[in-house]
Amino acid sequence: MANTDRPTALDAGPEANLDPDMQAYFAKCMDKLGFVPNVLRAYAFDNAKLRAFIAMADDLMLGDSGLSKLEREMIAVAVSSVNHCHYCLTAHGAAVRQRGKDPELGELIAQNYRAAELPPRQKAMLAFAVKLTETPDKVEEADREALRRAGFSDRDVWDIAAVAAFYNMSNRLAAAADIRPNREYHYLAREPMDVIPSRATRGAAVDDRRPAPARNPQPGGGAPARVDGRPAWGILPLS
Amino acid sequence: MANTDRPTALDAGPEANLDPDMQAYFAKCMDKLGFVPNVLRAYAFDNAKLRAFIAMADDLMLGDSGLSKLEREMIAVAVSSVNHCHYCLTAHGAAVRQRGKDPELGELIAQNYRAAELPPRQKAMLAFAVKLTETPDKVEEADREALRRAGFSDRDVWDIAAVAAFYNMSNRLAAAADIRPNREYHYLAREPMDVIPSRATRGAAVDDRRPAPARNPQPGGGAPARVDGRPAWGILPLS
Amino acid sequence: MANTDRPTALDAGPEANLDPDMQAYFAKCMDKLGFVPNVLRAYAFDNAKLRAFIAMADDLMLGDSGLSKLEREMIAVAVSSVNHCHYCLTAHGAAVRQRGKDPELGELIAQNYRAAELPPRQKAMLAFAVKLTETPDKVEEADREALRRAGFSDRDVWDIAAVAAFYNMSNRLAAAADIRPNREYHYLAREPMDVIPSRATRGAAVDDRRPAPARNPQPGGGAPARVDGRPAWGILPLS
Amino acid sequence: MANTDRPTALDAGPEANLDPDMQAYFAKCMDKLGFVPNVLRAYAFDNAKLRAFIAMADDLMLGDSGLSKLEREMIAVAVSSVNHCHYCLTAHGAAVRQRGKDPELGELIAQNYRAAELPPRQKAMLAFAVKLTETPDKVEEADREALRRAGFSDRDVWDIAAVAAFYNMSNRLAAAADIRPNREYHYLAREPMDVIPSRATRGAAVDDRRPAPARNPQPGGGAPARVDGRPAWGILPLS
Amino acid sequence: MANTDRPTALDAGPEANLDPDMQAYFAKCMDKLGFVPNVLRAYAFDNAKLRAFIAMADDLMLGDSGLSKLEREMIAVAVSSVNHCHYCLTAHGAAVRQRGKDPELGELIAQNYRAAELPPRQKAMLAFAVKLTETPDKVEEADREALRRAGFSDRDVWDIAAVAAFYNMSNRLAAAADIRPNREYHYLAREPMDVIPSRATRGAAVDDRRPAPARNPQPGGGAPARVDGRPAWGILPLS
Amino acid sequence: MANTDRPTALDAGPEANLDPDMQAYFAKCMDKLGFVPNVLRAYAFDNAKLRAFIAMADDLMLGDSGLSKLEREMIAVAVSSVNHCHYCLTAHGAAVRQRGKDPELGELIAQNYRAAELPPRQKAMLAFAVKLTETPDKVEEADREALRRAGFSDRDVWDIAAVAAFYNMSNRLAAAADIRPNREYHYLAREPMDVIPSRATRGAAVDDRRPAPARNPQPGGGAPARVDGRPAWGILPLS
């Protein structure tokens, strides 16, 4: 039982007396998600480390950017796919399913973004993120230029790079410590949508998608499924 | 619309006039699964090719073997994870979820089997399958010996190898032709279980697992969820 | 002595009572080749497995296709070169030597097809097969397009992919089971030809090649060498 | 001229009006190092991003840990060597030279830590960091166990992982943005030492090393060399 | 016609006026082999380069060593197999066939030495050579120790390393310049032997091998085949 | 103490009675460099091996060529960076620092030549050398053509290939024998220059560079620093 409660294979120390800001953050997680993500529990042995991780993650994933929040989650998942990171694929796969309102998109990026037939902008974005993951030493001006040609500003390129780089860190910490994802992630946002994104709109806006043909509606139709009494879609994904 | 109907990026020819045995097989798929797996539709331009593929796949995955059907599906998924095969991860990921009666196990193997803390037998099995996938030229007697020490007979080793080798073929055909998985696979066997497998029993028998704590029961409790009016669990997975 | 008789390192079971069609197939091998290929002997512990393997191999390598039989053998050898498969390089290297009537071509493809200065069509074909072997997850529409530009139909692309995929399977089964090639393959079609293919015609038609200069004719000139009293060239290669 | 002043290839935006804490940090850099590290200048377009990076870097590299500060710098350099990161090899190579009081040690780790014949503790530490860098998906319990056997606590393992993971992030951001190291790093701590560490003491404590034989003493003997009037050794390395 | 006469894809300059020692060397090649190896013709634009290459190659392959000449050729071929070097696989594959008096051994090493079931000494030797080829940065004391345990002296280890290193050079020069092997190599030492080496004696001494069963004797039995009137076996292989 | 005197981990034999030409060569090293490079000491157990190595190295690095001596050293370092060769990065890194009169250039190439923003000619040169190092089997006519387009003659291509190939040999011998660089190399040519090469002139001629701004002049200004009483710049680098 202790086993399932320990979020990692490392016993880095007991949970610290959380500082008030960190207590508030954990409370917000419980309120919005119904659980504290295990990566945060793993960091909770030390307030400074926990705070630094949250500050960086939230700035990257939720702060101002020319990239949509969905796009940033797509980068997280594409990078984690290369690194075969169980934790991040589970947690951020759920985030892509939620943010994209597209349960299949999360799977697609987690498996192989090249099969997703994404719009050129997102394809260029993920190609850069994956090259940066696989062969960082071979990234050159031509790679930055390809992003600019795809419509990204230099600041966008920074953000793509920063998110991809951050998950190269997180993936490795999760692997080294064997951080186990909260089981709830597995079940979030799995319901079929009313509206099936065509290949042309996948990963882009969620408007004007054509209705999904011939699939068994969940009771309650396209309404967000509920997990533990909270809506599964529209929940703020946290790190 | 034709786009979503075409199961691959290749137009290898119109569907052949299916021979009676192949017609019967497709009908069985419709009856049991509610759809014909797209890999079969992709092969349907030629009766001989379709028949040969089905014969080999069914013998490997459903025929007599010292490996359980779940174990064979686990091999399929672990190999497909290395090869990042969208089709096979989707279709056989569903099969692992179904056969293991464990929605999380499919994800685990699709992401990184090493995070699954499987029993030694299955860990050895997947380690062999993955080495055979990544560096077939480096497989040696010591690798066969490791399987024998883990309790496998020589015939079992053959079966592990044959299944791993088969998905190295299928993954590549799916990648080359961009075979797209039927969308239904995404939604099969996603429901939380009543009984959570402990790490010790994961991937093994489904009996005597302890009850799942504190998760929202589906209406109808642990009963198989239903997709299109058919039970999602216990359905015969087909290639 | 048992050692040299066992065609693999695995004792998967005694040879089955072969069904009549399989008996007939083995007899055809003895008649045409003078031996039963060891990969078939390795499979002979089970009629269903043996039949499925033969059905798929013969359809792929001998069935109707826009690819010549030589081209399909070239794919088999190029894939096996990447995977360093002793069995397939030996058996299908012999097939390329025979079918191409060019003892050096088999060596070239087995060593490195890039050194062969093949015609653009075959170069594109092998480049695709090798990419599919090395990085199946990175095959994209651009790769299919390159084959179409080289003159291949979508059906041809399927066939290239299917043959390359099949040998990625066979290579791995041979590696896992340590299937040993029949020693006869080593000696088949080794004789110098009368006519040396120029780089321009290599791997293509065997007509109008210029006479080979200054090489010691075998007794009997360019006539097919004979192995065990049967002609070594023109023999139907079997899987 | 602007060219040499721009610390990266990306124009992510003008330097922000730095918040007082960030202004103070930059002033501390000028005071202690004589320059602001270019990675900080690269981040200076945004206070939140800059602060988050500094918070994480300083906690990891200067905070409490069972790892010495030199050991943490060694990890930074070993990881950066795998990733061929110009920025981090330059900046943290200087830090290893300084902290180790061993100009050659920085080179050794930057080139190939395996040539350094480090004590078993540090060899295990770097082997883990490099495996985590190269194949994070293959890190398993056995790897953690190897560190425990080498004398590390679970908290130490966390720290090794966190530092290695952090430089896998930094390396990638530096590569993506082409962050150029301040030229001063190249010249820091290059002077031969009075005392040559034997292979046995390399990377460990700096006491009781035997005197360096037969090398030209700098004026002032073993005293720290001076760069721009500040001592080059003993300077606090910053990120 | 010029095409087949040019031994490489580079026109590095006309053949130099060969110095007397180099003229004598070429004459010796003609006398013993019937041709001048193309790698020497490729070098012949410059006497100094030609002489240096010959000096190093002959010292390594023919000079005093604890390794037999066959073993050194086996290293050359195993290294060239990793690097897929057409020139060296062809020329040194012939040398292994000749020196081992075993036409199949050359194929085995060229394809995958692991399939050859060599004696432990030679397996260790080739494992070291291949690791040094694939990941020179990861060779450590443990690798040298493995060779010592297999019975090699430190001088032998040097020789294994020097030969493996030399062919990593030659392979790359051949690849870069597209040096084409003399066609005669393809046909050397292809005849079946009277005596089949068992797996136990393969690659070792050629004595006391049991007679080859049931294979078509060449006219003249086990006598060396003749190429251009010279015996094909027992010929001094040259670089 | 013996430990630091032994230049390698292998005891390949005592130093031979050096032949007069080799004695003279060692004396020249002492005179010009102040030490005998350890790679030569490692070879000194055998006059023939030592002579062959020196002959090839000196011809390649100091003989007539369309490549400058600096360019050849840059190739040596770029190759050694891929192979993480401690010996060659140390010795030839020093040579690039000296020959380029640019202490930072040596670091740049040793770390990652792509960060150096070299002129197109040298970028093409190093890209070829690195590809030849990493994937020699994939070098094709297109790669030679790229060099010709960058202004290199076929003879230049040969020289680029020959130098890159040679260091693929040397790197591996150094790794296998653990050849340790003379410690003096670490300290050679580390002094800041008066004149900072702009990115445009880096690696090219050393004339007309603009004066270095704001850096602490060494006593004696831009004059060559002195190591052991000999000038550190302008010294003939030896192998």
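As written, the chains take the letters A, B, C, D, E and F, and residue 1 is the first residue of each chain.
Quick note on the criterion: contacts are C-beta pairs under 8 Å (C-beta built on N, C-alpha and C of every residue); 3 or more make two chains touch, one makes a residue touch a chain.
Every value quoted in this text rests on a predicted model; they were computed, and no experiment measured them.
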When each of A-D, C-F or B-D is compared with E-F, the one sharing over half of the residue-numbered contact pairs turns out to be A-D
Looking at C-E and A-D, which one has the bigger number of contacting C-beta pairs?
-> A-D
Same or different: do the copies subunit D and subunit F touch each other through matching residue numbers, with over half of them shared?
-> same
Dist(centroid_CA(subunit A), centroid_CA(subunit E)) in Å evaluates to 54
Chain-centre distance (mean CA atoms) for subunit A and subunit B, in whole Å, is 26
So what's the Cα centroid distance for subunit B and subunit E, whole Å?
-> 46
Can you give the whole-Å distance between the Cα centres of subunit B and subunit C?
-> 30
Counting only residues that touch at least 2 other chains, which ones in subunit F make the list?
-> 84-85, 112, 137, 178
Full set of chain pairs in contact is A-B, A-C, A-D, A-F, B-C, B-D, B-E, C-E, C-F, D-E, D-F, E-F
Touch list for subunit F against partner subunit C, complex = 137-138, 140
Residue numbers on subunit B that touch subunit C, as the complex places them | 9-13, 45, 48-49, 51-53, 55-56, 59, 63, 83-85, 128, 132-133, 136-137, 139, 141, 143-144, 154-155, 157-158, 160-162, 164-166, 168-173, 175-178
In their shared complex, subunit D is touched by residues of subunit B numbered 112, 114
Per the touch rule above, subunit A residues touching subunit B in the complex are 3-4, 81, 84-86, 89-90, 103-104, 107-108, 110-112, 115, 178, 180, 183, 186-187, 190-192, 196, 198-199, 215-216, 226-229
